[in-house]
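In what comes next, chain A is part of two complexes: it sits with chain B in the first one and with chain C in the second one.
So, the complex of A and B:
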């Protein structure tokens, strides 16, 4: 098990090195930033989709283009693009989610030359009558753009094969997360986070095979963590493995999350038969919604409370990426809903770097002791 | 049962010894470079003053940022938990605790048993902390102990709009060069601290009665400025600076 987890950890800790090595093996690579990216279409074209998480290194190259209120993810990704660090990629796909990602797309298009470029203009209101057929058109356009841009052809069978691969990855991740949550795994929550993030980096057929192997290696025997409090993380991206360790040191086990580097990546299977484009579009209307999209006024809070009850969560920790407006606007009503269900919560603002460890431990320990 | 609490803060190390709920004694020294040395020194000196042998103390709880560097403690607990317990011990009716220490400020909502119901803590900068006041006292050449009383004499508090300690200091220097009376500047500084802490406390449900703890509670200027913001009286206690250590000692009897 350790060997497999280590592969995912290595890839998620240094995606650039992994991408570069893959490129040297002759693979084309297209970068993306968000779980709303229809990765299956990119994958079906034979190109490797690879998620970018920003950088903790110097991001000053991006300051010429961005105002101070842009989040560290956007700032870091642009800095990587401008500095030449991403010279191994063959393009990038930008789903329109928040304002900053949309503007990143414009700046990227005007200031870099990475070959393929596409905006995926998602519907904002997922409940409107025309949203589904509109989104099917958007996905069909991405498919034809990729075919033209990469001089290839993406057949329906290619798409169905990709959907099968992704369904398998998502099912394995879901199962592994469940093992850890139920105490039926020797793995730690930080390991599961690395598996999810690594699945966005590793070559997908390798990720599929390794995750299946990992599921099979589980025999129901887990860690004895009976004294640990059960907590859930909620927010956007959590690219900080230290959070899981610090929470463990504070006496808490992350048993579930609503993160775009977590459950929002793997929840929801796609039908493998029928029209693949319609099926792909369908998932976006069924999956857990990110606050940049609207499905109903109460959908996020309802899902959050349902997950907290299902996973016997004792406390919720909001990881608020600084300057992430969609999540910040959602926070007050989510907290209010949790309060009304007597589910304690705390808010932690994060950036590309975590707050000083001492202060973080003080907060985590206090929260864990009070829940 | 005799228990002790050791609170290692960023500026001072505090110790308290409690017997069956009665505070037998407290001690404050500067923390200095080495946490363990400070802990042993403040605890040893307090025991000596009280004439107690170390084995008379049944349990020790350490708190503060240096809580994990006190090897002789039976348990380490966060200063938030200990300040809430200490405030409840000194004033059981308290429902909100404002603690302004050397390097951070916190607001805690406390239940009827002294347990923390919710809390919020600054983590990004020194504005709204004891360190902010130290920097300003130096710029104004006023002894920090006189800071509070001087501000109470201010006829018209100056406006300090910067929330960054360094920029606020240059704002203060501009006010000095403009001939603004010193007490007005000090009152303006206290108001700036109060505004910062009040805004932070809005994130929890800060119900009265409110108590202020930590070293800055000794500064009546900050206390009065906070009272104006909250629109409610704020209690302090002569043992406010050692409140965290008292809370730790009280909690030690229950572990």
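So, the complex of A and C:
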């Protein structure tokens, strides 16, 4: 098991090195930044879709283009693109989510030359029949943009094969997460996070195979009770493995999350028969939404409470990326809803660098002791 | 003539009328409970004409945000929102308005409660979150008019989507008002809306005259009507009156800045709580802000409106407004404004409250410098939260900027 987890950890800790190596093997790579990217379509074209987390030691290259009040994800991604760190990619795709990603797309288009470029201007409201049919139109447009841009053809069967791969990856991730939540795994929550993030980096057929192997390796492993408090993480992206470790040191186990580097990535299976584009669109209407999308005014809180009850969560930690408006807008309401269900929560504002470890540990310990 | 006398002719006659109209408007809106009229809260770039056609009173939290800012109440209200858990990095209009909705504080004792909410995301994603908050608090129906972002194009699939939403909007209004939509009346409203936009553009165009009879600060003031009441006859009559006053000024030689030497273009929303200070500071350099990208946005997509089919073409026009387009498209608009108004320098308000308006400004600034060769400067603030503004830093920047402009024109300070 260790060997497999290590592969995912390595890829998620240094996606650039992984991408470069893949490129040397002759693979084309298209980068993306958000789970609203219909990766399956890119994958079906034979190109490798790779998520970038904007994690970089130095985002100063972005200073000429973006104000200091832009989130570190967008600043980091642009800095990587401008500094040449991404010289291995063959293009990028920008789904419409938040205002910042939307402007990143413009600035990227005007200042970089990575070959393929596409805006995937998805609907924001995911409630109406017209939005559903527009969503399908947008996916079909991406398919034909990719076909033109890469001089290839993406058949329905290619798409169905890709959907099967992704369904398998998502199902395995979901199972593995469940093992860890139930205490029926030697893996740690930080490992599961690396598996999810690594699944967005690794060559997908390899990811599929390795994850299946990991699931099989859990056969016969019994449940072990622990005294650890059960906590849940809520926010956008969490590319900080240290958070999981420090929480463990504080006596808490992350048993579930609402993160786009977590459950929002792998929830929801796609039907494998029928019109693949319509099926792909369908998943986005059913999965938990990112707060930049609208499903209903109460859906996020309802799902949060349901998950907290289902996973017997004792405390919720909001990871608020500094300057991320959609999440910041939802926080007061989500917190209020948790309060009304007597579920304690804490807010941790994060930037590209975490606060000093000692300080963070103290905050976690204080929270964990109160729940 | 004393200093006070020389000020007199520069005051606009229309300002009094405008205040009267806005007062009447808010009195009517606040009295909606007793008249049985419905009140809809709507975003500033939202399709208001169907509301006017249905005799629903549109109320604009963003206009209210501007009032809050101008009355220096933003800091306190934003602090209240922060105590409720809203981050200080969020839009200050939204923070202040959310706090007001809960506390009934703010100017005019708060806004009248909404019967419905209309949110059009053509200006930002923030309005979606802001209106979701209101929808939960007031427990009223929310209609989202979802306008796909036009980075480089407005494809047919987007056209189809926004068209279908017009039908959904009509159905929503029929349900909310309990009566059928009157297409004939809506065409009439559409004609008046277009007429109002044309007149507003003509008013703004008068500042192309050298020297200019008005400044962007005047435009920020007179903007309120095209935002709140477009589609009504009052707006058409008012801007017609204002336009003739502007023309009169040009004939009589009444200039906004008596010794206008430099002409500047403003980008982004105003700094509502420092309008007078900024106006005086630029005036002290004989600089006139002759135009701005913000007030122009309410007449910038007229080219997409078919005057014989307002209703059929409005969805496209609302989707292709200034903020819902790519940075390079925005730069093109700025280039043409620089030419049209013969501008010597660009003042960009880097507005922490408005990320879609502000991210990309650095690129636009470089394009302007390369293409037009004029100096540019950045002023940073939160448009309605006066706690975020540094007067001394801004003053230093303005002085350095004006010095650059003078040098470029071969003038000594």
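To be clear about the criterion, the second predicted complex is superposed on the first by the 365 of 371 C-alpha atoms of A that agree within 3 Å, B and C clash if a C-alpha of one lies under 4 Å from a C-alpha of the other, contacts with A are read in each partner's own complex, and residues count from 1 in each chain.
In the analysis below, a residue touches a chain if its C-beta (ideal position, glycine included) is under 8 Å from a C-beta of that chain, and two chains touch if they have at least 3 such contacts.
Computed from a predicted model, the values in this text were never measured in an experiment.
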item	value
Chain touching more of chain A, residue-wise (chain B, chain C)	C
First (chain B), second (chain C), both or neither touched by A:354	neither
First (chain B), second (chain C), both or neither touched by A:362	first
Contacts of A:248 with chain B and chain C, given as first, second, both or neither	neither
Touching partner for A:13 - first (chain B), second (chain C), both, neither	neither
Which of chain B and chain C A:96 touches, first, second, both or neither	second
In the complex, chain A residues that touch chain B	344, 346-347, 349, 355-356, 358-359, 362-363, 365-367, 369-370
Complex contact set, residues of chain C against chain A	84-87, 89-91, 94, 121, 124-126, 128-130, 132-133, 135-136, 142, 144, 146, 148-149, 151-152, 155, 157-158, 160-161, 164-165, 168, 326-328, 350, 352, 355-356, 358-363, 380
Touch list for chain B against partner chain A, complex	65, 77-81, 104, 115-119, 121, 123-124, 203
Sites on chain A touched by chain C in the complex	64-67, 69-70, 96, 98-100, 102-107, 109-111, 119, 121, 123-125, 127-128, 130-131, 133-134, 137-138, 141, 291-292, 294, 297-298, 320, 322-323, 325-326, 328-333, 335-336
